[in-house]
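To keep things simple, chains are lettered A, B, C and D as they appear, and every chain counts its residues starting from 1.
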Amino acid sequence: MFPAKFEYYAPTTVNQAVALLKKHRDAKVLAGGHSLLPTMKLRLAQPPVLVDIGKVKGLAGIKVAKGGATIGALTTHATIAASKDLRKQCPAITEAAALIGDMQVRNRGTIGGSLSHADPAADYPAVMIALGAEMKAVGPKGARTINASHFFKSLMTTALKPSEVLTEVRLPPHQPNSGCAYVKFPNPASRFAVAGVCAWIALDAKGRCAKASIGITGACATATRASKTEAALRGKELNEETIAAAAAQAADGLDCLSDIHASAEYRAHLVTVLTARAIQQAVARAK
Amino acid sequence: MAQLKLTVNGVIYEADIDPRLLLVHYLRDTLGLTGTNVGCDTSQCGACTVLVDGLAVKSCTMLALQASGSKITTIEGLKQDGVYHPLQQAFWDNHGLQCGYCTSGMIMTAVDFLKHNPHPTEAEIRHAIEGNICRCTGYHNIVKAIKAAATQMADNRPLQRPQGQV
Amino acid sequence: MATQIIGSTVKRREDPRLITGAGKYTDNIVLPRMTFMAILRSPHAHARIKKIDASRAQKHPGVLAVYTGEDLKKGGVNPIPVGFVLPDMKTAQHHPLAIDEVHYVGDGMAAVVATDRYTAKDALDLIDVEYETLPVVVDGEKATHAGAPQLHPEAPDNVAYYWKVGAGDADKALTEADGVIKQRIINQRLIPTAMEPRVAIADYQPATGDLTLYTTTQNPHLIRLLMALVLGQPEHKLRVVSQDVGGGFGSKIYLYADEVIACFAAKQLARPVKWTEERTENYKATIHGRDHITDAEVGYKKDGTITALKVKTWANQGAYLSNFAPLIPTFFYGPMLQGVYQISNFFVEVWGTYTNTTPVDAYRGAGRPEAAYLIERAVDWVAFELKMDPAEVRRKNMIPPFTSAPYQTSMVYAYDSGNYPATLEKALKNAGYADLRKKQAELRKQGKYMGIGISTYVEITGAAPAQVAASIGAGVALVESALVRVHPTGKVVVYTGSHAHGQGHETTFAQIVADQLGLSVDDVEIVHGDTERTPWGAGTYGSRSQPVGGAAVYVATQRVIEKGKKFATHMLEAAEADVVFEGGKYFVKGTPSKAITFQEVALEAYTAKKVPADVESGLEAISFFNPSNFTFPNGAHIAVVMVDPDTGKVDLTRYICVDDVGKVINPMIVEGQIHGGIVQGLAQALWEGAVYDDDGQLLSGSMMDYALPIASNLPSFETSRTETPSPVNPLGAKGAGEAGTIGSTPAVANAVMDALKPFGVRHIDMPLTSEKVWRAMQKK
Amino acid sequence: MALKIQGKVMVDAPRDQVWNLLFDADVLKHMANKIPGITVQRLVQVSDDKYEGAASIGVAMIKGKYDGTITVLEKRAPEWVRFRGDGKSGANWTGGEMVLTLTEQDGKTSMAYEGTGNVGGTLASVGQRLIDTVGKHFVQHGTKALAAELAARSRKQ
């Protein structure tokens, strides 16, 4: 309940933040603080320096345009959950945001903070993978873009370098005849995802599956893709049987984690159930 | 040490504080506003909920410095002109509390919630207070109280929430 | 005569301060020159302490002192005693700070006192401890096995006590039964989680030798007595104050090490010392509840009659015996296994065992939930085996109504009053039981699994007839007292030894007095929670505050009325035998028009204008109420659940209950107690459970992993009551604090098992998590 | 929280060489430093069968400075060794035992490992959901790094 001592900086621009991170190699970026502060209060994390980007201008907000949507890193889960424009284009992300933690957590927690922290049980990563989102990172050498498929490296580890700040998330434009959905099985205590699945489905002119993209979170050390299910859906007529058959392969090859709430076997099972449910919803939305 | 400037219940405060001071400790220990309670270390229980710029947040999961420049409302700032906030009144009328420890946080959460959902269903109320744990009431009368307050408030003064916020 | 305030809903007088943030919780107290204490707790479940080096901590700026177990011992601090003693009990020494060995994760080893909380916490990290780790046992049964790690030399095989109770001939009855069900059944360990963590502030005045302890307790008087023994502080120089308490559920009954250390440190430093528990600390350092492993054998006849119950229970008591621990799995458990049924053959054996876990003591229900869960599951097992309706098996075995004379059970107790069949039938009717069964059958055809669970419980509260309690091992008389003091203007202050932590005594006790004296509730003030202001009370737990504490208030009020009659007699110039008191007025029988008010009499009591010298002035009375028997609240609870066959997730869709808690003072408050109780009980069935690994690490060590009930997982409740007044106290009250908890665990567990019936599942252990339920469904 | 550890790695070096290098503190240090999340500050052999050291261990922001020992409990050259490691960091501790079995296969060495790891303190009480994953992470990276280090050193010899 009492964090250890640290030095505190509150830059007002991204460049200042990056400069501070470059100078203090063990520094941590503080956004909403809902991943970092609980860990610091338990003294499991004791960063010597905090760079609070909460006062950096221009990092919060949602822009939805024809070319896709951009979400500033400091945009809170609550704002995302409430965005009607975003819901229209991409209901999976508003669904995921609305299921994070609880109302107070959603009011403070930010998308940038959550993604940078890359908790294995966080909700967004599944959505990012399924939607093919891109992360904009700014570092000492300028800005770069990282695709979600390459962003989540391993347990709580992303492709961000220590001196980089995640500034923006970009979602590709909405495709006609496509739909997406996020379905979650929450841990009864922490509300984290025991497993969570996001499905994005595009239909062809005949109503068959043109493309499927499915992200899984909660089940493994890091968010991942259900490649076999995606392949199994492609070109298929989408009905209860084909969806079930494809979803049954969603956990194939996954090294599922095990804890006091769910064994690896049960997690793998949940992944298949949630995958089927997410696909069904996505298909319904695509039609 | 670092400079903090914020407004709490309409009063402006300035202080030089240890950066690690949590907002809840600043409110309780420095300002003596002990109506905001601490019930867990892990951001689950919601006993410490206050409004920061109108939004319900867990003040144990926020550095006091992160609130710099913000307007904070605590349970002590809810009663206006000697009149209870409709939620305070409804909690009393409906026996929405027993030990009272979660009550401040529960009411502050509900204040924020009813601003953007003035006519909630029971399920919506139950979803809204997921981040507030009560060990005494089984939530039955809390839900009833929030519903009663919503009805009362909707009759009297519709409130609009800023765009884009839940 | 009463004015019907008893039995009416009166809004709580506690609430205005609590809804405005003006509650007086202990952590809100700030004293001049106050210091802050933090406790270094063992990260090992069992280890020898080779060395504690606090030199770095002592040098840390802001640190005033660091204490270890040796320091306390040298300072004359005694081990913490056990307040309930069974024959041949092996009590391990429980030092407030460990000496030589630690026995569970959370065992205190050193205390730091510093100028602020952050510094105290920083200094903990600077204490170097060298341990030699020892083998660990966390399972209450395995602890007794040959070769198990031994915790205390005093207790061979880790057995703190062996206890048994029986009736008839269980073995013979089992042999003669048409069928016998053998089942291992686990009542898992729970973490009470009162929302307010514990806090202690000790304030010592060296000039006078007075020590004041502000603490979060359910029973200040008990704490004072125990603290006096442990600290060697004279009882009259020790004051224990407990203001608003943020919930207890049993966990704040006991004298805790932290309170002792704070007092010791305050005396050493001559400065106030404050200790505030953190939640993760609370999960390890505050008692846990339940934790039984039981092997049960149930004998039954083909017609559903239950003939025998044979039970072996290993009650995990944790690393040390907490103050009342031995009472819970014995007298509050064994005899209550009879439930509401006419069963004559029992044999119950209990081993109370030491393990490398947090000590276990009374948690809401305490012993009775364990008993009710077992017998109510057993009834459903019989129904399962015989393919009978569980309601029918209950009807078959139920004790018939007894409202005029007590019912002598097969073991130990005589139930005070009850009409169990009426309660069950009312619950079935309120639930629409027949329709529910029809709907269940339809849903099953669609592959949807609905479950309906019934429990008909009885519990024991209102502890206790002092002489009975003493004879079974209680260290203190469980009587309650009240001093009713009438001021000259007729305003009343009641000083009660009971102490509320959410139950609303300031309202209900005032209702009793106002009702009897014909006053407004606002004319009555209730003072509690301060040993210097109130007479003795054993505390608020075990649903005893109304049947014992409330009864004391009632009796003292009657004594005030009687005393008032002496003044009234002279004021009315009548014979005392002719004076009556009704509706707040004294008058001569038959002439109510010439009445004098209670206020006039009160004034006379302090002015003596009319009374002669032989009538003693003043108007107040005290009562130490000693009930003639325990009370036995009971009820019928029905839960309806839906089970998702894909995931095993259980959704509670309806909850219907009918409780008989005797006469009710304030229906709103009683209903609130039932609501809260239901949720605590059903949370055991569905979600809660403390998890230790084999190393004795508490893996469910925070709210992130200990699944407390949240609003979105619950429906609203359909509550209702029957009322058979208890004859053992003048209020007719039985107590309502634990009823919901005791009834709901088996109701919900039975409902889930009912849903799983098509899968051939008779029993799975709680908590009925999605994974467990899903696995059970895979087996068919 | 106890973790079961089991697996096998191939080391591209003959068994005798692997065996000899296995007890070299410097090898152990280099191996550990290759595991993401571990930085060894110090690792020295203090007796025939005991090593002492200090390292920063963690994943992402969850990090601690551990003081620890590695003790060889039993060995049967050149094929079998049982050892134990213990570390402590403030309110946390880790410990575990591991058995390594070396089998020569066509001039290479198959190294099978089996053991249990334990974590205690705050990490166990609030971080149980991550322990399994973190454990797997360290073991997978650790055994791979050890095989690589052993092979590299063996080539130099």
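In the analysis below, contacts are C-beta pairs under 8 Å (C-beta built on N, C-alpha and C of every residue); 3 or more make two chains touch, one makes a residue touch a chain.
Everything numeric here is computed off the predicted structure, so don't read it as measured data.
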B-C against A-D, pair bridged by the larger set of C-beta contacts: B-C
Chain nearest the overall C-alpha centroid of the shown protein atoms: C
Rounded Å distance, chain A centre to chain D centre (Cα mean): 33
Inter-chain centre distance, chain A versus chain C - centres from mean C-alpha coordinates, in Å: 44
Gap in Å, rounded to a whole number, between the CA centres of chain B and chain A: 28
Multi-chain contact sites of chain C, meaning residues that touch two or more partners: 117-118, 125, 278-280, 691, 699-700, 702-705, 708
Residues of chain A engaged with two or more neighbouring chains: 1-2, 4-5, 42-43, 187, 189-190, 192, 260-261
Contacts with two or more other chains, residues of chain D listed in rising order: 90-91, 122, 126, 128-129
Contact pairs between chains, per stated definition: A-B, A-C, A-D, B-C, C-D
Residue ranges of chain D in contact with chain C within the complex: 1-2, 90-93, 95, 118-122, 124-126, 128-129
Chain D contact footprint on chain C (complex, rising order): 41, 43-45, 105, 124-125, 133, 280, 283-284, 691, 693-695, 697-702, 704-705
Residue ranges of chain A touching chain D (in the complex, touch as defined): 28, 36, 39, 42-47, 117-118, 120-121, 154-157, 187, 190, 192, 220-221, 255, 257-261
Parts of chain B lying in touch with chain A, wherever the complex brings them together: 2, 18-20, 22, 38, 41-44, 46, 49, 52, 55-58, 60-63, 65-66, 68-69, 109, 112-113, 116, 128-132, 164-166
Interface residues, chain A side, partner chain B - complex: 1-8, 10, 30, 33-34, 37-38, 41-42, 50, 52, 54-55, 62, 76, 78-79, 81-83, 98, 101-108, 189-191
